[in-house]
Amino acid sequence: MVKVGVVGYGTIGQRLADGVAFQGDMELVGVADIGPTLPVRALKEKGMPYDFYLAVPENREKLEEAGIPISGTLEELIQKVDIILDATNAGVGAKNKVLYEKYGKKAIFQGGEKTSVADVFFHGYANYEKGIGKQFLKLTSCNTTGLIRSVDCLDRVVGIDSVMIHIVRRVADPGDYHRGLTNALKIDPVPNHQAVDLMLIMPHVKATGVLVHTPVTHGHIITVFAKPKKKITREEVLESFRAHPRIRVVRIADGFLGNASLFKYARDLGNPRGDMYEIAIWEETVTIFEDHIIYALNIPQEAVVIPETIDGIRAAMEMQTDRLEAVGLTNKYLKIGG
Amino acid sequence: MVKVGVVGYGTIGQRLADGVAFQGDMELVGVADIGPTLPVRALKEKGMPYDFYLAVPENREKLEEAGIPISGTLEELIQKVDIILDATNAGVGAKNKVLYEKYGKKAIFQGGEKTSVADVFFHGYANYEKGIGKQFLKLTSCNTTGLIRSVDCLDRVVGIDSVMIHIVRRVADPGDYHRGLTNALKIDPVPNHQAVDLMLIMPHVKATGVLVHTPVTHGHIITVFAKPKKKITREEVLESFRAHPRIRVVRIADGFLGNASLFKYARDLGNPRGDMYEIAIWEETVTIFEDHIIYALNIPQEAVVIPETIDGIRAAMEMQTDRLEAVGLTNKYLKIGG
Amino acid sequence: MVKVGVVGYGTIGQRLADGVAFQGDMELVGVADIGPTLPVRALKEKGMPYDFYLAVPENREKLEEAGIPISGTLEELIQKVDIILDATNAGVGAKNKVLYEKYGKKAIFQGGEKTSVADVFFHGYANYEKGIGKQFLKLTSCNTTGLIRSVDCLDRVVGIDSVMIHIVRRVADPGDYHRGLTNALKIDPVPNHQAVDLMLIMPHVKATGVLVHTPVTHGHIITVFAKPKKKITREEVLESFRAHPRIRVVRIADGFLGNASLFKYARDLGNPRGDMYEIAIWEETVTIFEDHIIYALNIPQEAVVIPETIDGIRAAMEMQTDRLEAVGLTNKYLKIGG
Amino acid sequence: MVKVGVVGYGTIGQRLADGVAFQGDMELVGVADIGPTLPVRALKEKGMPYDFYLAVPENREKLEEAGIPISGTLEELIQKVDIILDATNAGVGAKNKVLYEKYGKKAIFQGGEKTSVADVFFHGYANYEKGIGKQFLKLTSCNTTGLIRSVDCLDRVVGIDSVMIHIVRRVADPGDYHRGLTNALKIDPVPNHQAVDLMLIMPHVKATGVLVHTPVTHGHIITVFAKPKKKITREEVLESFRAHPRIRVVRIADGFLGNASLFKYARDLGNPRGDMYEIAIWEETVTIFEDHIIYALNIPQEAVVIPETIDGIRAAMEMQTDRLEAVGLTNKYLKIGG
C-alpha cells in the first residue's frame, strides 16, 4: 500500500483525497490545510473520515474552537507518507517543496505551480512513461488535462500535425467569492498557455489558441480544430473517442445542451460531490472540414485532474510501468468508463 | 409500509424519490415521467434503482432507444400505490388529479399548482394537523416552505404579529436553459405570493413583501422583518433557531459568505446530489431593531420542500397524528438535525 | 431626398431611425410600432423628434393614456415613403411584406426573417452590387454582418479559401427580460447559421463554425481561423484591418480587455445611446499559424447592422451604383472611420 | 464663474466633469488622472473637450505614445481652480488632500473616502446648510445618496421615525474586470454602512439594514421599510415622490421591469453616456403596511451622485445659501425634473 498525503484541502485537494481513498492499492494517511475552512468544517461534520494535519500551528486555537481534531503538523504528515499530493494555492507548492526535499519524499504538484518546480510535466495518458520513478511531477491544468486526453486519443489513432484551440473558460468554481466576472467576456492574447502546455507534453504537435473568460462556474468548453497527418472519417473520430474511458460522447439531442447539463447530470448520477471525472465531447460538433477535425468538449474543472494525478502516483512510485495498466487501475478504482 | 409513487421525475421529483426511499416506513414503488430526460438517463446509468413508469405511451420508442426499461404506464403505477407525490410542471398536476380520483388514491401536489387543487394547503411544521387524513394536499413552494419554518419557529416561542419580507430570488436551477435572466434584476409588485401564502398557512399573522429576481442558481435569500407580540432578546431568537432541526445557524465569519457557500458546503458534505434540506440563517444578520426581529435566511430551492412533503405523506396517510412525532421521523430517516 | 420609414421601433429600429436621420440625402418620415413600449415612451419624453405611426389601431387608447401623439397608421406611413426598414420581430416582416407589395414600396428586412422573404441577401461591403435596384433586401444578422466585414476585407487583399469560426454569443441585449441564460454555456450543433450565411453572401468561400451561448449582454466575440489563398504576413493583415473604416483595431494592452470594454468605451465617447458601429479586432489575437490567419473580433450587436442597412437603402434606391462611393457616404454621415 | 477641477477621471470623474461643464455658473478648468486609461483615450478621440493634467509625471511617455496632449501637472491644475472634485479610488483622496491644503483649495471627496477626511458629510437635499462655506466635503456614496433623497423627501412631509432597508447591490460597473461575482449572492453583516451613513446625515432617524451583493451591473435596488411619525396615505407618499425633481416614479406595468429597464431607458433617451441622474421608485411597490411605508427604488450607481456633488460646490463656494435655490440651479443646468 502506497501511503499518500494531501496538502491543501480545497476544491482539488478534497477530490484528490476522495480519489486516493477509493484506490485499492493506496492508503490516504491524511490531509493538511491552514485553518478551519468550509471543507475542513465539512470534514468534521462528516465525522473525520480523513485525519487532519495543521499546516499553520498558529491557527490551532481556531481549529479547536471549531471542534476539529488535529492529528499533527504538516511536517508530521509528510514523514508518515511515501508521496504528497500538493493542491495548495499557486506558488505555495514551490515553498512546500523544501519540506518534501528535507524528508526525501516524492510529490505531485498541480497546474498552478510553475513547470520548473518539477522534474517532469505529466499527463497520465500522454506521457506516463516520463513520470516513472521521478521525485517531483507537475500535473497539467484542468483545461490542458482534458484537452490532451482528446488530442492524445486522436494522435495515437491517426497522428496529429497541429491544433488550433478555442477555450471558453469558466472564471470561478461554485462557491467562489474571491474571483469572478460580471456581464463581461475577457479575452487573452494569443497563444493561450494551454496551447503552449500541450506542446510541452506533446512536443511533436504544433499548437496555438484563443481563450475567452466567461462569467459561469460549471465547466470550460474547448473547441479543437485539429489537423491530422492522414485522412480520417467522422465515424472513426467518434469511435476513437467512444473507446476512451475518460471521454464521454454525449448528444445535444439527448438534453446535454451545454456545460451546466453535465454538471447537473453528474449530480443526478449521485456522484460524490456531484463530480464527473470524464470530459464530454458533443457528438453534433464532431466534424471533418477541409483538412481539419473539429470537435467541442466540456471540462469539469473541479474533478478532471483527479485521475491523471492518481496516474502520477502510480508512475512516480513505480507501481506500474505499463501506461495502460496504470491508467486502467486508476479507472477501475474510480469506476470510470464502466 | 406505505406505498408511494412519484410522478414527474425532474429536479423535485428525483429528490422526493430519494427522500421516500430513505424512509424506513415507506416503500417507493416507482417513478413516472414522459420521456428519456437527463434524470431518467441518469437513473438508467445508475442501474435503475427505482422502477420507471411511462406517462406518455407514445414515447415508448424513445425510451427503448435510450435503453431505459419501462415497468408500466402511469395508470399502472397509480394503482400500485397508496399515495402519489405529484412533482410535474405547474398545471399538469391538476390534470393528473382526475386519474388519482379515478383510482381513489391520495396525492400531494407541489407549490406550482393552484391552491384550489387540494383539500388543504400544507406545511409539516406549521399546520400538520390540518393535513391528517386528507385526500389531496398541496405543499408550500420552496421559498414559502423555508420562510414558514422560521416564522413558525418564532411564533411558537414568542407569538408573531406581522412580518415584512424581502426575497432575493434565484431565477433558475443549475442545469436550466429554458429560463434565465442575464445581468438584470427584476422586481415584482407588492405583495409577493409568498407573503400571501404565509397568511394562508398562518392566518393569524399579517404579512407583505417585496421580491427581486436575480441571475443566480444557488438558493434564494429571504430577509424577514418580524414583529413579535412581546419582547424577545437576540440570544433567545438564536436559541430558538438553533433548536429547530430544519434550520442551521451559520456564520459569515466561518466562511458562509452567501448562498453559493451553502451549495458548496452541501457538496463538500457528500450529501446525495449535493443537496441540503435545511435552511440556513446567518447569525450576523439576526438583530433586534426597535420592535422588529430581523434575520436573513438561505433557501436551498432544490431540496427544501422534501422533508415537508414527506411530512405530508405521514399526515395524509394518518401514519402519525402527533406533529412532532411525524416531523421527527421524517428528520430521522433524512438524517436531518443529527 | 429618399423618404424612409422604420417599422418596428425596438433595439434595432431605434438605431436605424437615428442612422437614417443622420444621412444628408435621406429623410426619416416616421417610425411605427404596436404600442407604448419603453422606446416609444422615451421618444415622447424627448419631445417626439420622429413622428410615430401606430401599427395596431386597437392600441390607440393605450398610446393616448401615455400621452404619445399618433401621426397615422402603419399603412399611412408606408404610403408616404420610398422605402421601409422593417425591424420587427422575426417573422412579422414576412407578414408586413404584403403591405409593402400592396403599395409597391421597397423594403429592407433584418436578419431574423427567412432569407426567402427577399430578392437578395445583402451586405454593404461584400455584395453591394447585387442589391442595386432590388425591391426586397434582407440584411445579414449582427454576427454575420461583422464577420463578413472582416473576411471580405481579407478576401479583397489576399483571397480567402475557407474559414472556421468560433462564436461566443451574448444571449440578450441590455434591458432584455424575455430571454436570458443563468450560469450556463449552451452549445449549438456544427455548423452554425453564421457560417452558412457567410457562404450565401460569399459563395466562393468554404465555411463552418461552432457557437457557444454565454450569459452576457455586451457584444459577441468571434474568432476566425481563415485560410488565405496565398501567403500574407501578420503586419499585412493588421494593415488591411486598420484601413477598413468599419473596423477598429484595438489592444488588450491599452485596456480593451473584452467585450464590455468596448461597450464602456462607446459610452465614454458620448456616442448616441452609447453605441458603436464598428467591429473591433484585438491586435494581440492576430496571428499567422501554419497556413491560417487567426483573429478575434467584437460585435456590438445593437448597432453593427445599421451602416450596412443604410448601404442597402443606397443600393435598393439606386442612389449610388458604386460600392465604395455608397459605403463612403454612409460612413461620412454616421461619422465612421473619421 | 467658479473654477472647478476634477481629479480622477474614471466612472464618477467623467460624469462630474460633464456635469460641471453643463453648469452655467461654473467653469471646468480640466481633469487629471494617472495614465492613458480608456476614459482618457476616449477624451482624445473626442478631440479633448476638457484639458488633461497628468497626476503621475513618470507616465508622460505613455500619454505621448497614445497621442494625448498634457496641459500640466496635478499641482498646476489645483492652483488654477477654486475647488477640486476628487473622484480617485478609495484612499487616494486622503493623500491628495495634502496638496489641496498646501494650496488652500476647497475639495469634495466621494463616498469611498473615510468620513474623517472632510469637515462635513454632505447631501445636497438633506443637509445643504451644513456644507456652506466649508473647505472639505465628503459626499454620500451612491446607494446612500439615492436612499436619502427618498427618506428626506418623506421626512420633510410626514416625519420619519426609523427605517429598515434592504439593498440588492450590483457588484460592478459596466466595463469592470477588476471586480465581479459569478453565480453567487453575498451577504453582509447587519447593519450595512448605508444605514449607518443615513444616521450620520439624518441623526434624528434610526436606521438599520441588510445588504446582498448580486452579479449584475445596472443599478442597485433598495427596499425601504420606513416608520413615519404620523399616518400618511399611499397617495400622499406617491405625490411626495412625484414632486421631487430627482425622483422618477415609474410603473412595472409600463415596462420598467427592473434595474436594466432604467439603464436601457436612459440610453433610449439619448442621455450623455446613457446616464440617469434620478432614482426611480416603482409605483407598484409603494405600500402602507401596518405602521410602515414600503417602497423599492433603483439607484443608477454611475451618475446618481453627480447632482448632489454639484450641490456641494454651491455650498462650499457659498454660491447659494438657500438649499432649494441651490439644488434648483443644479437641476436646471442638468435638465433634471424638467
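Just so it is clear, A, B, C and D label the chains in written order, and each chain counts residues from 1 on its own.
Just so it is clear, a contact is a pair of C-beta atoms (placed from the backbone, for glycine too) under 8 Å apart; a residue touches a chain by one contact, two chains touch by 3 or more.
Predicted model, so just to flag it, every value in this text is computed and none were measured.
Asks: By mean C-alpha coordinates, which chain is most distant from subunit C?
Replies: B
Asks: Could you tell me which pair, A-C or B-C, is linked by more C-beta pairs in contact?
Replies: Ranking B-C and A-C by C-beta contacts puts A-C first.
Asks: Based only on mean CA positions, could you tell me how far subunit A sits from subunit C in angstrom?
Replies: From the centre of subunit A to the centre of subunit C is 42 Å.
Asks: How far is the middle of subunit C from the middle of subunit D, if each middle is the mean of its Cα atoms, in Å?
Replies: 35
Asks: Compute the distance, rounded to whole Å, between the mean C-alpha positions of subunit B and subunit C.
Replies: 47
Asks: At least two partner chains per residue is the criterion; list those residues in subunit D.
Replies: Residues 174-177, 182-184, 186, 215-218, 257-258, 260 of subunit D touch two or more partner chains.
Asks: Which residues of subunit D touch subunit B in the complex?
Replies: Result: residues 162, 164, 166, 168, 170, 183-191, 206, 208, 210, 212-219, 221, 223, 225, 227, 252, 257-260, 282, 284-287, 289-290, 292, 294, 296 of subunit D touch subunit B.
Asks: If you look only at subunit B, which of its residues touch subunit C in the complex?
Replies: Per the stated touch rule, the residues are 171-172, 174-177, 179-184, 186, 215-217.
Asks: Could you pull out which subunit A residues touch subunit B in their complex?
Replies: 14, 36-39, 41-42, 45-46, 66, 174-177, 182-183, 218, 254-258, 260-261, 263-265, 267-270, 272-274
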